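Right after this note come the structures.
Across the two complexes that follow, chain A remains constant while its partner is chain B and subsequently chain C.
For the complex of A and B:
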């Protein structure tokens, strides 16, 4: 018995050893097998023609196929029968360019896309030929040498119109995608001027209480006081708030009930990198003006002018207060008129209008800062033989959206159906003119409204034009959102376009940012929240500044200045 | 056993009050979601809906039923649930039976048992798991969701302990009558082990119904997502609006469509809610039984 046990035992051990050997052998084989499809793919890509280039009138002949990965959000709408693989854009690309984008995988949410891509990058799995990355992933892939150099492709294949649009931001986007003089990605630009705040205010409440448009923080405080204590909605209850703040709080502008506009009134810029008095770049959130702004908010809070429950209310919750005639003043982005304001639920909201934000000393206009960071980049994996295809896709996207032959009804969005079909979301390679809303659309629509001639407008502008016309004819529910958004555009154009401040840092996160920034941001939120809610004092702010510096902020500041010196 | 003294009564009252309060706290969010799903979207965005529907209607459910991706995902989840639970249960029983034998019948039993237990303490981690799934060619198939978790060692130990608690005479008499081990397992052990099997089945079903991250990582397109993965993709929070392009009224409408999302959340929770009461009576019994006798 005893011996037989031993025999079985040792044979079991042998079995395990054998399995380990087999398994390790397997993984070697797999690795080899793994590399083969790539080689086959490349062969297939060029197979058929051995002729070089293989292009006719800018069209690939035979067509090329790009294996890609893309974010296709769950709420995207398609024409019936269409999907992300087969739609107006994909057919157009394949007909005019001979480029077929084959999606290896998609994700339904931005966060999911990032997670999934991180797993693929981390596992050393085959990258798709073309995909979108954020600035951290871009930096990582460039350092690992996994991306194709697009300098030549962009130089040779980008149309003049594309080059013009890609440089409209003053070259910030292109510069952020350039490493050692090589363009490694196509930045997906978007207008950043739209991230400035305006002050949303119930004009009917102002009128009723006999108050004028605010010219300074002092006026704003008086308005908040009247909104709380003088029953602006006339329901006989003291149930309205002064200044709305959403949970977070969000320190930068362009959100719902954020603090970006408030801080800017004190020349304070948390979340931004600004030039200090000595020319060095410093972090906006630790400057003395921030303390002043926070203590003023604390005063408002102590006087009951800020909702005591603000730390649990997000934009949607504030929307309920707005619709319920409880909130009539907050700092927010130009699009707040589309959401969370919902004029179809409360007709009085038509009197909610955007106003210029105010400063503590009454000086005008108030200078605001925006972050010019590019959110996503299109990249091509190293070794893919048609890197210029990405540039061609970008050419066509921009041409059909905003160029001389633009067809917005076909390629932009179909507004005549519910839900709206937004075709513009489908293409993987995108970049938007940074001046599209302000001033381009604003100027075009204003000119058309003045002359009554809408023939020169592109269809996105026509939509806005029609909505504003509808508003003026009394169709409030249809036109309110666009009408007030364009009012906000006009204010931003007047106040911010001539003197826009931009955060000085727009590169990929520096090494210390990667490890420390999220905890510093958390610290900032905690301390600021405490001070606003009267649980902390000015001394707590001073302590925060010291902590911020010692917990990695000083190192980050140094890295940011080093980065600036090389850009 | 206990005297009904005053202090005892006081303790009981406090206990009940506390437990009832706790269950109300657990129940209210569900009730709120249910009420929102049955209300009109106007009432919801005006903040009038708490625990009772306002302007009762079934519109959200009608929309969800017509919505293709939801039904796809529902089917994927059902497929996963059936395949996963059946396979898992089968493997679990097959593994637990030999491991429940004594050392003299199954030499080196504890070493084999330890090999299983080690996988509870250590696992490959995200990226090695992904590589394993990819290189076995399971990526983007339903098996990627079923096979990696098929052997749940915790459940194996549960069943194993239950088997050990059964009287040895059952097995011995059967073997005496000429039964082999398969007969013993399937004809004698299984019928008397229903409580523990029901427990394991429930745990497995809940696991399969709720897990979402593997769906996200292993599936290549949202049509292949199980319901939980799909659901987390549609419940976006308003913070993601910040990076949105301005010309995007449909995203804005989507965010305000709280009734639709509430309906989807409730439909997702429903199957497990329905299964629970039927299996629950076995649940506590199954968890405790093996350990007490073992």
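For the complex of A and C:
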């Protein structure tokens, strides 16, 4: 009895404390509300001290300070004594521009950065003055009215060279950062067709089985059949696969064993927004060509040409199959030669080469669609005194990287030490020429290889040049990755540079996308997977199209067309 | 008055309780205030107190989602099977181990079956993909040895849920067994002596001494596990499911993950979370009541 009394006593105590908590919870919330104006005051206070900053020759005097947040990955290398706060770029910015970027916080991994920023946005914490966001976060912050309008800053402060580079993608990046005619962010551009697929293929297996380079999907099927049934690796076991697909499946190109290249061969573009026959924009994943492509994959699967266990294998697992001489053909991005292919573990992999992707009717070249790539956006908090500072930082970054006064050894990377010190990673405000890999680096390196004169190459190109030279001199382990990557660049340049198909939609997610897209994507993956694995039929695809439309896809399509009309 | 007096008498003891109470308050009760965002169109910058109030809109949205019912069905199926398995298997193993006389074997088995508890599902998923592989996995080699066709356990909707339940039990039964073994040692040996005197066999002793002896623990763990009726186990499913098994493996927690983390729709995911909690509360309360009525046993 005594025990039970005590129990009741303590539960009574807990009840009282719980009530205290509710009360303290309330007062705390009030405190939070009271806090907000205070925080704004302090922000305004610092801005106030910066306000009288005059400008002399484009340099702030006295210097201005920008409180920023940045991704600074743990594997970045610095010169001795330097760090993310004090390095060649930060000194340069403060010497020539009078801008001091003060990092409020950094994250060591891209995922951590996104999560941390999401938490800050989700909790309404104080934003830094300058930071990078992805397109969803950009949309959120614009809707909340938290960002500064950069239209005027960009118009007045961007140098002609900066404007040229920022519009090299046909203005798509800038357009994706424009809301109601106002530029709300500086897009960080990257190459677009760089994401196109090539067909990675074991050339030694082809030769051994007496097969030619594929010219159509039919040829590809024959190759897959031979790879499965004719023991290409000669180990006497029927243990190799035809066409590799990674789990997911990934519908767009530029991955490992994705389906982007396969679909493109049927003029099917899941994951992309394409022009329909009536000129309106339609979703690529619900077009009849997709059905045709899926049923062909199903046929391959039924005939045993696709690994029955593909749905549980990711890129890394496929890498094991590749190294183990089990997989010799898959669609993938140009960088597959660097990963998951690993020549140091299997010397025969040197025969893995990129080939042009093929179409079902044999027509060439196959046009692949790409999402106009904007890696991230640099934004300025609303109310920050000097929004043009971000534009000035961008000016200097692009000028010193690719402009007339570029100094690669000083600002790009120091190649003379191991590990290489990559200075170009440090600045927060970045944007890269969209033609960097294809054709710029490719052409420059090819020209240098032909002439033997590497003096005109920038640091990144020299690295590639040296690797390819090493490969040609027999240092396979050092040179294979870059050598074959540049082979892939050359193929993509030949096939796709003259005919590019860009996804018509490149804005921030529309309202219905925010609420419905992940469900629709999941449905798409589920249905496509079932059809490939012969657990679904063409009818299931038709049902998927109807479901997709009724579950929000129709509304999204309408929103995308409305967006297009205003961009 | 009596409470107050006992409170005074045990001031020191109550003070010792304080750190634990504060922890519970800060980490369990204080965050509950966040439930309010389930009824709002939450925006971080407007804050919990100033986001627009939308009433039950988020709940109607969730209940109208076409995936909601299948997901709920999967969740309940998987969670209930796991609850039953995780209750029965450890009791059986504990009773069997209790009969083992050889201490070395007993301790050895105990340690071995207890180990998987410490492996994370990320690692286990990789191992399971290998041992359950239809072409090279150990399990399927045994199956084909006996002349059956190999089964793609992780890619087949008919098998996937059983795999989830079986692997979860395999991972946790060792840990749960220890709790029952501890309860077994607490049974007064004189009861066994008395039973022996009365001529009870080993089996009769188990039935009439051992089981009633650990009944409170069984009821306690059973009741507590009822609160998990909508917890199908996020880590496990997230690491094992694929588009091919979405229709049998997608559960509330993976839905919350997609809506809350991937899409950052905090209000909707909070609404689902609140729904989950209410169902759990209902089950815990009713099992508490049942335990009291049927077994005359109070946990609190």
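Here, the second predicted complex is superposed on the first by the 502 of 567 C-alpha atoms of A that agree within 3 Å, B and C clash if a C-alpha of one lies under 4 Å from a C-alpha of the other, contacts with A are read in each partner's own complex, and residues count from 1 in each chain.
The rule is simple: a contact is a pair of C-beta atoms (placed from the backbone, for glycine too) under 8 Å apart; a residue touches a chain by one contact, two chains touch by 3 or more.
As the structure is a computational prediction, the values presented were derived from the model and not from experiment.
Of the two partner chains placed by the overlay, chain B and chain C both lie in contact with A:122.
Considering which of chain B and chain C touches more of chain A, the answer is B.
In the superposed pair of complexes, A:525 makes contact with chain C only, with no contact to chain B. Of the two partner chains placed by superposition, only chain C is touched by A:140; chain B is not. Of the two partner chains, chain C is the only one touched by A:514; chain B is not.
After overlaying the two complexes on the shared chain, residue contacts for A:533 are found with chain C alone; chain B is out of touch. According to the touch criterion, the shared surface of chain A, contacted by chain B in one complex and chain C in the other, consists of residues 5, 8-9, 12, 120, 122-123, 125, 317.
Those residues of chain A whose C-beta lies close enough to touch chain C in the complex are 5-14, 17-18, 21, 25, 29, 32-33, 36, 118, 120-125, 136, 140, 144, 146, 247-249, 308-309, 311-312, 317, 514-515, 517-519, 522, 525-526, 528-530, 533, 535, 547, 551.
Here chain C touches chain A in the complex through residues 2-3, 6-7, 10, 14, 17, 21, 25, 29-30, 33, 43-49, 65-67, 129, 133-135, 152, 154-155, 242-244, 246-247, 258-259, 262-266, 268, 300, going by the rule given at the top. Put simply, chain B touches chain A in their complex at residues 42, 45-47, 69, 107-108, 126-127, 130-131, 134-135, 140, 216-217, 220-222, 225, 230, 232-234, 236-243, 245-256, 258. Within the complex, the chain A residues that touch chain B are 5, 8-9, 12, 27, 30, 34, 72-75, 77, 103-112, 115-116, 119-120, 122-123, 125, 190-191, 194, 250, 254-256, 314-317, 319-321, 323-324, 334-335, 338-340, 342, 344-346, 375, 413, 419-420, 422, 424, 432, 437, 460, 481, 485.
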